[in-house]
């Protein structure tokens, strides 16, 4: 099976600055990948480049082995935030249904099977009870689930989430990550989500992609999340500890070295 | 019922024309209006009614048909706004304001030239406030045809328009041509507004575009129902306003009836206020 | 004739200052609606029996309060539009009941600077000073709430009261400006110069000075042109204001186009494309 996502030598510049320099990475079907990096390092830029929202100077991006334009259905996108006017006349179920056919011209013919499919998707994210609520009346966490449903409704091969955990309290963080992991298993969808802190993702991530200084380093979680590897990546001492059977990474908030170290486990590109 | 339906109301030809034309304008404006306020384009919609009126003044001056004047004015205005707002709508509010002020300045000149070169008086009032009662019956078929065209176009882009209105990024990621859809909608607004400004006047044109839609979305979260409800509110307000204006001939001192624009607007605003009070008081506005 | 210059200059300065904040707060629609409301009041003057200036002021302030009051209940632009249509509807009702002729209405809508009497300069100066002082005294709060409303709120600046207060200042500035440039074009003098200035200059103080410079220049040029051609002043004000704005957009566009000065490296082949 082809890789769900294959990025080769991607370079992105904005306003004269090189944001991403010769970045390469692959994601295999069903993999749960965390895109880790500090704020402003280029995580959003990378996601947007994959989605076709950002120009790139050189390199290639392939989805299921084909160019993006031939695989528009294969990507689902959950942006970080959408501001909504309180009067917007759209219910949750209508919004998720839009996820199926927003690009079609003309009016939609009602189909029973379509409605059932949308409700099933809402069920799987735990938002079925909200189906007739106004989109703008949802809480932040509820809105996020609905946006996940919207992105998931066409059963994409890859779900891209931009900083989904940024504004959530710890309990919600755990719930969302667990939800995403379950969805990934149930629907065979690969997940790429960006975050600046990896602890919440550790129990579920298959692969870590670490972004710093425009370069990225990636590897399987169990190999990357080791004290020596992370310390080399972050550029200063990092502890990897086990507490109650769970792994935690304890790092200083400020890091950023532009030079990625050589390390046997890491695929440094 | 005589107190409400004064004698001669339904036999009067101007009234019948007013009701027919007003109904079409109300329905078209309501449907386009729901999407207009969804996209926060109320200012642009109003600006286009004034730009359409400028086109109307220009038409009078060169002797062209008012309809061509109103429509071309509105379309040019929409084009100017679309071009100057930039790809991410950064400049939209300002661009709309500048287009409006340019058109109004031009209006000042055209009306001045109208007044000094032609014999028509009261052009100022007529063009700005219009008169539903003085629309001729011959415009009814054309109004229906154009109005239907606007509704059909709206139906065609409805789904991409909806998603684009919520999030340009989500829409773009789906391969929707956001700029195309946004510009197409501005042109639709221009056509709706050009049509209604001609038939019911600029004042009513804005009111019918914004009021019923703003009221309807308070009552329902389903877009289909919002469209129907807005149309119903628009049509009923127009009819009630026509009746009141006609009757006011007998109520007002000096035997001068109230302008129909006034009475329709009062009904629309009242309906909106009642709808606005329905929810629990003031709330924060997310999109300023 | 001399008087027209004095009056015009005062009006232009006030419009520049107030307009700057209008554009900063992106409240352009309100600046369009308030003068229209003022017009409705002036139209009602002969019906109600008040002096035109008084009813103009009362109507403008009432419109301002109507806008700031109603906008808490719904989407900003939609509620502002409804205030506009109500004000215009009332104005048209007054017009229908009054015996005023058409040219008086035209004067109200498009201005009659050439008819400004000498008695009006003193009060104009005072009113203008009030507007400018009001804006400058709440300068920081206005700036902060335009850029980051949440931070402003956290600092205890009541957004609702600031909004009402500022719109009342706009109403007073309108009262000043309507007799000169007319109800429909007040906002042209307020918006074009300020928008152009904000595009060209980043620092608020300097941008405001530039905006005022633009509006005064526009006013003077418009006066000259109006005297020469006998065409309405408002037309020249609006046209010049539009040209200034377009000029600023062009300049901004040229500035943003990157210059190709960096030496090419074999690395950066422009093979990429978006969407």
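First chain written, first letter: the chains are A, B and C, and each begins at residue 1.
Quick note on the criterion: contacts are C-beta pairs under 8 Å (C-beta built on N, C-alpha and C of every residue); 3 or more make two chains touch, one makes a residue touch a chain.
Predicted, not measured: the structure shown is a model, and the values here were computed from it.
Among the other chains, the CA centroid farthest from that of chain C is the one of A. Just to note, of B-C and A-B, the chains joined by more C-beta pairs in contact are B-C. One simple way to say how far apart two chains are is to compare their mean CA positions; for chain A and chain B this gives 43 Å. Chain C has its Cα centroid 24 Å from the Cα centroid of chain B.
For chain C, residues that reach two or more other chains under the stated contact definition are 74-75, 275. For chain A, the set of residues touching two or more other chains reads 52-53, 85-87. Among the residues of chain B, those touching two or more other chains are numbered 37, 40, 172, 175, 214, 218, 283, 285, 287.
Chain contact summary for the complex, chain A toward chain C: residues 11, 13, 16, 52-59, 85-87.
Of all residues in chain C, only 23, 26, 28-29, 31-32, 70-82, 84-86, 88-90, 92-93, 95-97, 102-103, 105-106, 109-110, 149, 182, 184-185, 187-188, 191-192, 195, 231-232, 234-239, 241-242, 245-246, 249, 275 touch chain B in the complex they form. Of all the residues in chain B, the ones that touch chain A in their complex are 34, 37-38, 40, 155-160, 162-163, 166-167, 169-176, 214, 216-218, 220-223, 226, 283-287. Every residue of chain B that touches chain C in the complex is listed here, in rising order: 37, 40-43, 45-46, 84, 91, 93-94, 96-98, 100-102, 104-109, 111-112, 115, 121-125, 128-129, 172, 175, 203-204, 206-207, 209-211, 213-214, 218, 252-254, 256-259, 261-262, 265-266, 268-269, 272, 276-277, 281-283, 285, 287-288. Contact residues of chain A toward chain B in the complex are 51-53, 69, 72, 75, 77, 79, 82-91, 94-95, 98, 101-108, 132-136, 150.
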